[in-house]
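For reference, chains read A, B and C in written order, and residue numbers begin at 1 within each chain.
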């Protein structure tokens, strides 16, 4: 898929693609939740339910040579980018067949082949990194785009401001994608930011910005095409705020004392998969067979990934210290 | 500070000149190398290390940054991950704390955490140390703290050869390397062979062989220790002085072998005493040379106070030649 | 029939309290449906079921605190027949339940992670440096102790890291020297006399069991010795006056030097003469029992030094301040305690020594001098000796030598 035009090509194929990507992420996350309750996945688990339209709208617009930096809620981003579901799940099981050899877990998925530069467990920690990746491309005259995903909680961190400033000052090809899901863990946006219209902050750094309905995958894709096009052509940054909502708790162990069930239910009715399906059905672009087929394919892929992860092996303890530094040349 | 007459074929330079030449050399050798930090360009560097480099190499490769330690250190990490060879200059170790998250949580962890998919071939240079009456917030020696972190290397060049030669080797290393330049050394003048080039970044060096006691030190304290050794010699005590050069990894083989010969050791470390790298060195000596010791290991560190401004107080707080002499005599049972 | 188990919701969650069921037996449930509420340390969390089916039966009552992994309900899968009163696979008490939980779809039990092994040595301390030539590997504590007590480290086997000698090794070595005292562990300062007594008893029993003793006696005219002593002491203050015991000790020491088969140790089936003569002096311990610490190199000490050494030993014995080496070192023992009241004293050899000389009290007796009878001070000196190391012939000569020395005291 190239960014030749600003408008998404809404062919049936493409539409089904988008839908399947979102369903695939949703079902995968559901399976992760299940596996977590069974203690197959341990540590922290942050699920993407409700936000699928952002990753699915933005990432396919990027090219393979472009770069992605994400957060600890990055399973969806990894999957839609093309990181294998098998190695993703094996990673979460802690098996050495995982994409990070089992060393990172859910929050630290890395995949060199797809230029996936990691989940990051430090809020805001990925922003300076993305500035650096873009700096390297800029210095070498390569027209790559670095897409940096972060939540609205990160805009409170100093690194957010430092990074936007550096990217704008030096003219670096960073696409800042803010996934504004209204809560930084348990802290609502309204009680943590003096300026809650996030995309306005970019103006302070003279970075062109827009906000888009993050529950509408088509709108996100359209905005992403505009943004990626702008970044690649100008070599300068762009800021895209995607307004979305997290249907599940922040992480598995969260009693959600900070928000109403009624609010969550209200958003559930506007969540991206439901909305897109309804739109597609209304416009006669899909029929039930398609949905069934998607369900079957996704279920099969997930079952395969689970089997792969279960069958995976543990990295030998003797290897513990390996790759603290690069292996010395033989 | 030692000032020797230039011998034929050698050049008289300052430590500052040697560092500058090392940067210049690296910029010339490898287009991927660039220098980034506060006031490195137009200002010429807080300690004048990069003076003239902007004119020679241009603003792309000598990049002035805003005051965003975390931002530009993280950017250095990203650029290194994407194949460049940046030298990030953190003006002093005192300000590096703002970048500590990027150094520890990103630079040091990426290779291991990603299962060896990504490495960070980054060099960070930092000025360190006290002694110029810059008071509590500008006088830290935190090399020992950084040496606690797995995944990075920590260097402390104390001689001209090391100031000139460690940088290139560090740039060639596929993993992050931190180079600490003690501020009291920048003005130090000495001679350097004109062809002086890259040196190793793994081994300690015996700067003065001796047989009665081993004095282990690094960085700015090396010259005080050598001076102390001179005073001790006048009293018939033959001290061996070891310059650690690298704090991580520590070349314990060298200092343990020395202690096995002399049976006594004193560590001179500008960090605050408690939990400093002198404690790590002592631990290694106890682990490996316990049965060779004839006396407990001594150490001379900074007093555990925020470093004060008034000169006499600052001098009393930092390691001093007379303190080193006294400590050496103490382990020899002489007062 | 499937089981719906208490889920793990967090890295540090160990158990939860079931506060509410949101479904009831007979209800059909879909994957992802919220079926219950669990109270945790973070608050009430709704829990979902991941398998579709029909709730068959609750296994846990509302209000129960349930560990992670414990079954909460039986769930009949689609198309499964109703179960009879099935016994759940695990007890439903809230006591600690065995884990891990199995994933409901697949029957295989997942392999558990490897047991935490000792991680490999990363930049670990290198092996201990081998000792430099000529320097015994000994801990600082052992070295100091050895220095204080004149112990030769080279003779002590070490059991510490790399074969290093520690204090315990020195103590063991002293014990092994089989001093008369087996039990006492020499502390850095002072000996426990109770332990000493017990050890002496053991030693005496062993001695009689193992050593073939033979006994000789010799009576000696000590007129000359007494006269010499009187003259010697005339010019001395009482504190430094020499007693007959010291004179006898010196005589024995010099004789032992000439007759090495009475001066040394019998160990491991053979006798080894000692190059030095360290005479053990029997001293009575308050409360009963004897101890016989050594005066080192008694054959070369002057009479005055010998006397002051004896005084010092007695004082320190009374104060419990003997050193381990003093107990272990005697090469021959002299007991003058008979001078309390008996004419002849036959001692029991302290293993691994091979001789003990007994000295009785000085008695005025009729004595043949020349061809006439005179009253003379006479002392009976006895020898108890180890027949494995010497015989009566040598013993006789040894005793005779002692007598000769006593009769010419100025030559001592």
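Going forward, a residue touches a chain if its C-beta (ideal position, glycine included) is under 8 Å from a C-beta of that chain, and two chains touch if they have at least 3 such contacts.
Computed from a prediction, not measured in an experiment: that's the story for all the values here.
Set side by side, A-B and A-C show the greater C-beta contact count at A-B. Compare each chain's C-alpha centroid with the centroid of every protein C-alpha atom shown, and the nearest one belongs to B. Among the other chains, C has the CA centre that is most remote from the centre of subunit A. Rounded to a whole number, the gap between the C-alpha centres of subunit B and subunit C is 50 angstrom. With centres defined as mean CA coordinates, subunit B is found 41 Å away from subunit A. Chain centres here are Cα averages; for subunit A and subunit C they lie 68 Å apart.
Subunit A has residues 324 in contact with two or more other chains. The multi-chain contact residues of subunit C, meaning those touching 2 or more other chains, do not exist; every residue touches at most one other chain.
Interface of subunit C with subunit B (complex): residues 123, 125-129, 131-132, 137-140, 162, 164. Taken together, the subunit B residues at the contact with subunit C in this complex read 249-250, 252-253, 256-257, 260, 284, 287-293.
Contact residues of subunit A toward subunit C in the complex are 30, 33-40, 42-44, 94, 249, 251-257, 306-307, 310, 314, 316-318, 320-321, 324.
Those residues of subunit A that touch subunit B in the shared complex are 67, 96, 98-104, 108, 110-112, 117-118, 120-122, 125, 127-137, 139-140, 158-159, 162-163, 165-166, 169-170, 322-327. Of all residues in subunit B, those touching subunit A in their complex are 34, 60, 63, 65-66, 68, 70-84, 86, 101-102, 105-106, 110-119, 150-151, 153, 174-175.
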